[in-house]
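Provided herewith is a single structure, encoded as structure tokens, for subsequent inquiry.
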């Protein structure tokens, strides 16, 4: 499993576009929103938590279809399925690799973009914490969606349609943590709910995703 | 370490292509599957590898004993030959990547990225991947496609060594492998009869008869 | 005789052919009677005036929007566990019907909300939940459309329906957490205080019965169509083989 994680990370680095594209997209969202909304600092500060979370979510979505599609096309997925590693483990490791390549950099970059969006001082800690706890759920749920459409040619748009509704609870709790934190209110309840979603998704969805892959390989 | 199959029926796209397939592959033996295009060789091999369920029949083999190699080699273009093999060796928990590279004559290419290999070289790498699984029963789909005569001979030698070590090999191919000792099974007699003649369809369509 | 015998396509076609005219007729009778009773023979509400009468479309449609998803969940489970093809096809058939009910609930809600709340749309928890439900229906239908092999599509959509149900429920609570909302309480709770008055209640019951029967009739019709489509495919496949 360790070897699979290393391989996926190595592929992401060598093939390029893994780290870079998602981050660049996130930056673009943070630049375009003020251009559309107007430069008033208090308006931006109020919508910053939501914009940052939606931006992170969409940036995450960009690279989802590559989680399994490349391995499906070159036959690796067949071979991994017949290998000694359980397919559920393969799914979990690939979701983890996706998180390291997208979720983690987005989390680290978010405070910088928070400055651009005039996020109130109290919100930065909550922003990083909520993204750190919430982006793994985005990767795992995304891996499930990617597993569903792995056999579909040009499944990118379909994948968005399937995955975005599943992202609703994560987005609501994640953005709620930041906006409550930024407003100086207690944010531990949405934070715990967010952590619950991440843990639940990480524990259960690999099984559903592995089932979907087996169905697709038949 | 025997692979035995009886009364096996396999389906492609919900329609039975082969039925009543039976054979037994014992340790140290090789079996070559033949038959015209579309008869269901690939489907049969995928079923044996556990990638799709059989429509009917029995398959018996020791657990985790099958090494499957398909048309697609599962190689990553941006990884080098050595990295590709080391990955599959690690996944299978073996440490035979070096030996496999030597056996398939890949040592000179070890630091070259798979993207820069010729079709035949990729195929050799794909076969080296079968070696590093360390599993006794090889199930190979058209293993010698795009190999030159020297490489086919090399491959035949590797298969012989595997058989001598107590392994076995099941191969679907049209090309002569230079393995005189391999038995040949023609799949044509097992072609699923047309349903009007009383053969079987996919389970669903049968319900609509 | 076991209930599963109806899962045989032939048996299902026979039974549903017999059942369908009755269900359709009863659905039409209930809808016509309930809507006429509701629209013309009930008094105006003392606060809401005659706008309240949209309740006869809004409430039953909203109920069936959720019930249709529940029915899809159950039939998906039956398909995954017992591999009855009729069950999978019934889930496929129910999805567009459920989607239509959801859209009807949203539209009638907007028409009701405009005079009452002064706005066509508010990000109220119930409205938001229904909007999210629409997205789930769309994704489910899109997945059916995208996958060619019918059994693969049935399996994958069933898995999506299962996982989607969990996330739909989570979304419902997340949305409640997110905004408390201005939608009125349940119109049909057993609590007498909250409940609508009997004059509105009886025609509403007739309308709900009508919508349930309409749903059953539409799903039966669509399932029969799906079964026939699969039969055509099977016959074509046979011809290719023969």
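Letters A, B and C mark the chains as written, and numbering starts fresh at 1 in each.
As a working rule, contacts are C-beta pairs under 8 Å (C-beta built on N, C-alpha and C of every residue); 3 or more make two chains touch, one makes a residue touch a chain.
Bear in mind that the values here come from a model prediction, so they are computed numbers and not experimental data.
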| item | value |
| --- | --- |
| Label of the chain whose CA centroid is most distant from the centroid of subunit C | B |
| Identity of the most central chain, Cα criterion | A |
| Length of the line joining the C-alpha centres of subunit B and subunit C, rounded to whole Å | 48 |
| Geometric centre distance via CA averages, subunit C-subunit A, whole Å | 32 |
| Cα-centroid distance, subunit A relative to subunit B, in whole angstrom | 37 |
| Numbers and ranges of subunit A residues touching at least 2 other chains | 218 |
| Subunit C residues touching subunit A - in the complex, by the definition given at the top | 132, 135-136, 138-139, 142-143, 146-147, 152, 155-156, 159-160, 162-164, 167-168, 170-171, 173-175, 177-178 |
| Contact set on subunit A toward subunit C in their complex | 144, 148-149, 151-152, 155, 158, 161-162, 164-166, 168-169, 172-173, 176, 190, 193, 197, 205, 208, 211-212, 215-216, 218 |
| Residues of subunit B that touch subunit A when the two form their complex | 46, 49-53, 64, 66-76, 78-79, 83, 86-88, 90-93, 129, 133 |
| Contacting residues of subunit C [partner subunit B, same complex] | 8-10, 83, 85, 149-151, 227, 230-231, 233-234, 237-238, 241-242 |
| Complex contacts: residues of subunit B adjacent to subunit C | 13-15, 192, 194-196, 201-205, 207-208 |
